[in-house]
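Per-chain numbering from 1; labels A, B, C, D and E assigned in written order.
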Amino acid sequence: MGARVKEILSWYASDSPGTRTNLARLLNHGRLAGSGRLVILPVDQGFEHGPARSFAVNPPAYDPLYHFQLAIDAGCNAYAAPLGFLEAGAAEYAGEVPLILKMNNHDLLHDEKDPLSAVTASVSDALRLGCVAVGFTIYPGSANAQTMYQQCREMIKEAKAHGLASVVWSYPRGTDLSKDGETAVDVVAYAAQIAAQLGAHVIKVKPPTQHIEQPEAKKAYEKASVPISTLAERVRNVVQSAFDGKRIVIFSGGATKDNDETFYDECRGIRDGGGFGSIIGRNSFQRHRDKALNFLSTVMRIYAGELK
Amino acid sequence: MGARVKEILSWYASDSPGTRTNLARLLNHGRLAGSGRLVILPVDQGFEHGPARSFAVNPPAYDPLYHFQLAIDAGCNAYAAPLGFLEAGAAEYAGEVPLILKMNNHDLLHDEKDPLSAVTASVSDALRLGCVAVGFTIYPGSANAQTMYQQCREMIKEAKAHGLASVVWSYPRGTDLSKDGETAVDVVAYAAQIAAQLGAHVIKVKPPTQHIEQPEAKKAYEKASVPISTLAERVRNVVQSAFDGKRIVIFSGGATKDNDETFYDECRGIRDGGGFGSIIGRNSFQRHRDKALNFLSTVMRIYAGELK
Amino acid sequence: MGARVKEILSWYASDSPGTRTNLARLLNHGRLAGSGRLVILPVDQGFEHGPARSFAVNPPAYDPLYHFQLAIDAGCNAYAAPLGFLEAGAAEYAGEVPLILKMNNHDLLHDEKDPLSAVTASVSDALRLGCVAVGFTIYPGSANAQTMYQQCREMIKEAKAHGLASVVWSYPRGTDLSKDGETAVDVVAYAAQIAAQLGAHVIKVKPPTQHIEQPEAKKAYEKASVPISTLAERVRNVVQSAFDGKRIVIFSGGATKDNDETFYDECRGIRDGGGFGSIIGRNSFQRHRDKALNFLSTVMRIYAGELK
Amino acid sequence: MGARVKEILSWYASDSPGTRTNLARLLNHGRLAGSGRLVILPVDQGFEHGPARSFAVNPPAYDPLYHFQLAIDAGCNAYAAPLGFLEAGAAEYAGEVPLILKMNNHDLLHDEKDPLSAVTASVSDALRLGCVAVGFTIYPGSANAQTMYQQCREMIKEAKAHGLASVVWSYPRGTDLSKDGETAVDVVAYAAQIAAQLGAHVIKVKPPTQHIEQPEAKKAYEKASVPISTLAERVRNVVQSAFDGKRIVIFSGGATKDNDETFYDECRGIRDGGGFGSIIGRNSFQRHRDKALNFLSTVMRIYAGELK
Amino acid sequence: MGARVKEILSWYASDSPGTRTNLARLLNHGRLAGSGRLVILPVDQGFEHGPARSFAVNPPAYDPLYHFQLAIDAGCNAYAAPLGFLEAGAAEYAGEVPLILKMNNHDLLHDEKDPLSAVTASVSDALRLGCVAVGFTIYPGSANAQTMYQQCREMIKEAKAHGLASVVWSYPRGTDLSKDGETAVDVVAYAAQIAAQLGAHVIKVKPPTQHIEQPEAKKAYEKASVPISTLAERVRNVVQSAFDGKRIVIFSGGATKDNDETFYDECRGIRDGGGFGSIIGRNSFQRHRDKALNFLSTVMRIYAGELK
């Protein structure tokens, strides 16, 4: 096994060999295998945003098998989805790509300022489907955050007890946060810290902006002259906030970008700031399959250092 | 084993030998081993206040291993932290310093007048990580206090059933209390009493001020002429309120002090009033490591009676 | 065993021999052993009112052991307290005085019109500590009463399943009651009935006043010409309301009385009205120990019929 | 509480206050209350030997209530019997005499050289019936001893977890032992040691004879010149073998003696050798009640030191 | 922490930090703390051989507290004993010496060619008593070995799940083995391998003789020219057989030696062959305390390398 993967696994020495084995599976699969970088395909938008908004632009994506095949052909490290999507293809694609079962989900038929996702799967489902990890979303800043922290914590504990790894989507959102605050560098860094303290192995956050939301945090950034003017600098601050870089932090791709170059630049920023990779949903499956494969190939070449 | 530790253990005769063994481990470790005094390093600020406010001033402190090493090198009795921080170093530092797993946590991305911390760990985690005790925060005065008392009580019961000790952070806070009331001597004494009645072995409170918050308590203090003009006198009253001194009461260091002498004087007051020691987070890790070691050394010399 | 105790036990024939054994232990201990009368020492004021208001007037009472010794030396039937206070002395005083574990508690740092006590102990704690009974407070009249009734019921059920007895503190309080209504004879009688219907073995209420709170109850009292002009008559009505005297009803001593004679007269009223005794906290431990022993001796002589 | 009882309880400091409370109840009941000596009435012969052999000689003894009353009137410390006998009187006699539930039993309709008693009751029965302790028979020397040790251990563990005490009848018997060997001093001492190692609070053995069964033990006795010529000396050796006298060891009365003086001498030997008392079944209930009361009174006066 | 202890702990990286913490406690206590060598005091002979053979030669050893004090004063790494012996002193000596709870036991009142020990304690007892490890005896070669392997495996699994370490006494014995075969080098090495394969952290075997029991093993030793003429060589072979020295293997002291020099030479052989130390019962407590302390001091100096 490559030295970088060994180094990453050493950060998780409190975990069982089983959990570390599943982390290794994640890190050693696909085009970026062994590099310590990851590109993951997540497809939970059917649940989170509804099917029309998610799949109408590229109808083959209505088919769950489409995404398994896309993740495999693109050489992603893993494919993450809710229970139903995984159940629809896990048998046919058994052993072909590491799977992450998304354990909780939220839909827009009832939306709220302080969201609380529903727990829609279990660790036994993850074992049954051959997953390497479970995924859970928390919304720091929500009035319901405490409930989600506790559910997340229970889920992580049970996953570890069964030798699985855990991925936490940590997305600040709620009545106490401004819209800009949701991606403010201080808030994203705080969200990464919370996920790490809850015991997450892999943490997914949004790329941080230069905005600072909390007055007390602003003072701390200014006093310590923390550089945050470039994305790379902000990513570095977020990764540092996840146990000084000793937790795997990946960044979401967000809504479909008009211009792929913008996206690639974001990846470069993540890479140069020491981020571990990207988790790219809509930008992958909301375009024609051939274009998606090209797009993901470029992203991976950036992370592999083959492209500047 | 020293006579003072034996005396302290005798107060916990209803507990199992296992729980008393873990209390002994706490009391017999580090520079103050055997003295009946404790200095504990707690680092939950990354969760409670966010990483920038906590660590930007001394960036090595972003690294969880930094705090294990600091607690060891300073000769602290124990190191207390949330799940993620302990998991990040418990394997590497196994057996080197007594660990306290902080079982619930609160963050500032959603704050409220009547806080309720999320339960973020379990007794089985504490056993798995080799901890000597579990820690739990209650906020007497919060409209959510009842919920926290019950969670705390369950956690203590399960800890005792598995031979662990318990530490309760008892911090008055809530809509019914004025800001000054949070550290009023009557309120701090009351908070210590509540923690003791819930079965805590070690109680952590804030240093009390001369303010008296509750009118009925004011009458009682005045009628009985309880002296509260010096910190030592107030500490004595708080310790007395924790079963006449038969529970271990330690005091938080609070926010970083501008002047170390102010801090040292506080320690002298705690010591002279019969307090059992300090639990010092920000004043320890929010400065350069060398300065922190000097600072903690002075604090320990004060508690050891080597410095007046 | 005395005939009166046998008679009292016969009222609880649906209970297991274990529960009746523990009731017998309660009735057959101390100076009033065998008489069918009880004087119990309860000390939960440290939690309920705070330590200063409870103990500053008689500082030795800060020490949990003080109360065990007071109950023993005074010849009380039992000593009742929250978890922490019992844990602090149960090993040292094992077998010396029947113990009642107070299972829920309320504090004044956050007060409310419709109180809800926190459950702070369990039946397994009661077994572990060698208690004869568990105690539970309900606040009939509180908007939270239903929650407490259900918790109380669960606690009684589990206590009975383990051969323990149950004591219910039934204290009317809440937004729908006037201050006078809390001790109105109709309300106290109603509170006694509710506790009895919940399955309590021993019921603790406040001495009733001549006030009648509920208009419909007033009509009933008047129509039936229920005599309520003396305390003895009102006590008789309350005791009658607890299954025609077939449940043990005892009366709280309340706040410290200025004049002991007032207190003694109250005891005479309770005795003459068929009350089973008193549960006397503040009037016992908020005075010098020697005076407390004299005071309790007088109370017991009244209940024993040695003093008119 | 008397100093001797306090001293005895101090040997059980690893046990919960609940278990110590029940031990105190055993030691503080009846005529020998507080002396540290015990006389217990056991009636399991109906099961063990059959009703005719047990009760025909004194027909009132067929009635389970007879034995409760006998134990009470004689002032025994406790009454021990199987489930059915206790169930038959526990309600009527609730709280009048400490009860010990005999948890396993053996009958003679099927006998064997290597006996294995059937488990016929549970700790929940003991709680339901108000018992202070559970009792269990082991047959060291039986080919089935391992099974009984494990059952005994489970029973003791559960009893302790519920605050009860445990009494172990340790009766060597089996194919590897000669008939004389069953009461040989080395074998009885060994049986006492095994019961103590299994966690028994009270150990019941047979009075040892001067015979030594095991050749290797014989060498040890001779080499160390252990005096075993008188019963007192042998009792001393057996008591020493139960943790140097730090476990309560009592001796069975065995079959009906022709001559009471023989029995009294045996009690004197037990007393003078530091034994804690007797458990006397057949010699008590296989004679007329009046004679039994006289007989037990004499035995108790011997143990109380009132008779030489 | 010393480098050697760190190295030893690295062999157990699949275990939780809790288990490693308890191994570290074992390795870092007493006179040999940090050296990677251990001298442990085991006292299960009262159960295994009977009290007379065990303690008559040095009567203070009948007292369970004697052995706690001996282990402490001699500076042993740990004290190992059955449930009763540990319960008798665990409260008084809480935290003073690492404890190992012996989980199964065998007695000689019924002996057999193919022994099966009774399970006499549980992991919850070990937690309650504050133990660092559980101990279990297996008899490879017994017709009952499979049963013991399975019990041992269950016990180790539960111990690890609760953060405890495990010690396995692996003593070949049974109808298929000759008397000489029980200590034959091939058999002892095989017994060490079996214990290691069952997941033991610490393995206790008897010092091996030059005899080879199994014909096929004899061929293998001869073909590979394994040197076994000195004890050091044979110890090296046994230690190698326990995962190439990556499991802690200690050696039993056996019956009292007539000549201490013989014993010291054995320790030298164990040390020089890479053995990790000795577990010395009878040679320690079957002599006067002063002599035992001198004796153990010499043994420890040999292991520390202070004596050749």
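Here is the rule we use: a contact is a pair of C-beta atoms (placed from the backbone, for glycine too) under 8 Å apart; a residue touches a chain by one contact, two chains touch by 3 or more.
The model shown is predicted, which means the values in this text are computed figures rather than measured ones.
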item	value
Both-way neighbours, i.e. chains that touch chain E and touch chain C	B, D
Chain of greatest Cα-centre distance to chain D	A
Centre-of-Cα separation between chain E and chain D, whole angstrom	36
Interchain centroid distance [CA atoms averaged], chain C/chain D, Å	40
Distance between the centres, which are taken as Cα means, of chain E and chain A, whole angstrom	49
For chain A paired with chain D, centre-to-centre distance based on mean C-alpha positions, whole Å	68
Interface hub residues of chain E, defined as touching at least two other chains	13, 16-17, 90-91, 128-129
Pairs of chains in contact (touch as defined earlier), listed by label	A-B, A-E, B-C, B-D, B-E, C-D, D-E
Of chain C, residues touching chain D in the complex	1, 5, 9, 13, 16-25, 27-28, 90-91, 94-96, 127-131, 162-163
Complex contact set, residues of chain C against chain B	46-47, 49-53, 55-57, 59-60, 62-64, 66, 82-88, 90-92, 105, 107-112, 116-122, 124-125, 128-129
Residue ranges of chain B touching chain C (in the complex, touch as defined)	11, 13-15, 114, 140-143, 145-147, 149-150, 153, 157, 172, 174-177, 186-187, 189-194, 196-200, 214, 216-217, 219-221, 223-224, 226, 237, 240-241, 243-244, 246-247
Complex contact set, residues of chain B against chain D	13-14, 16-17
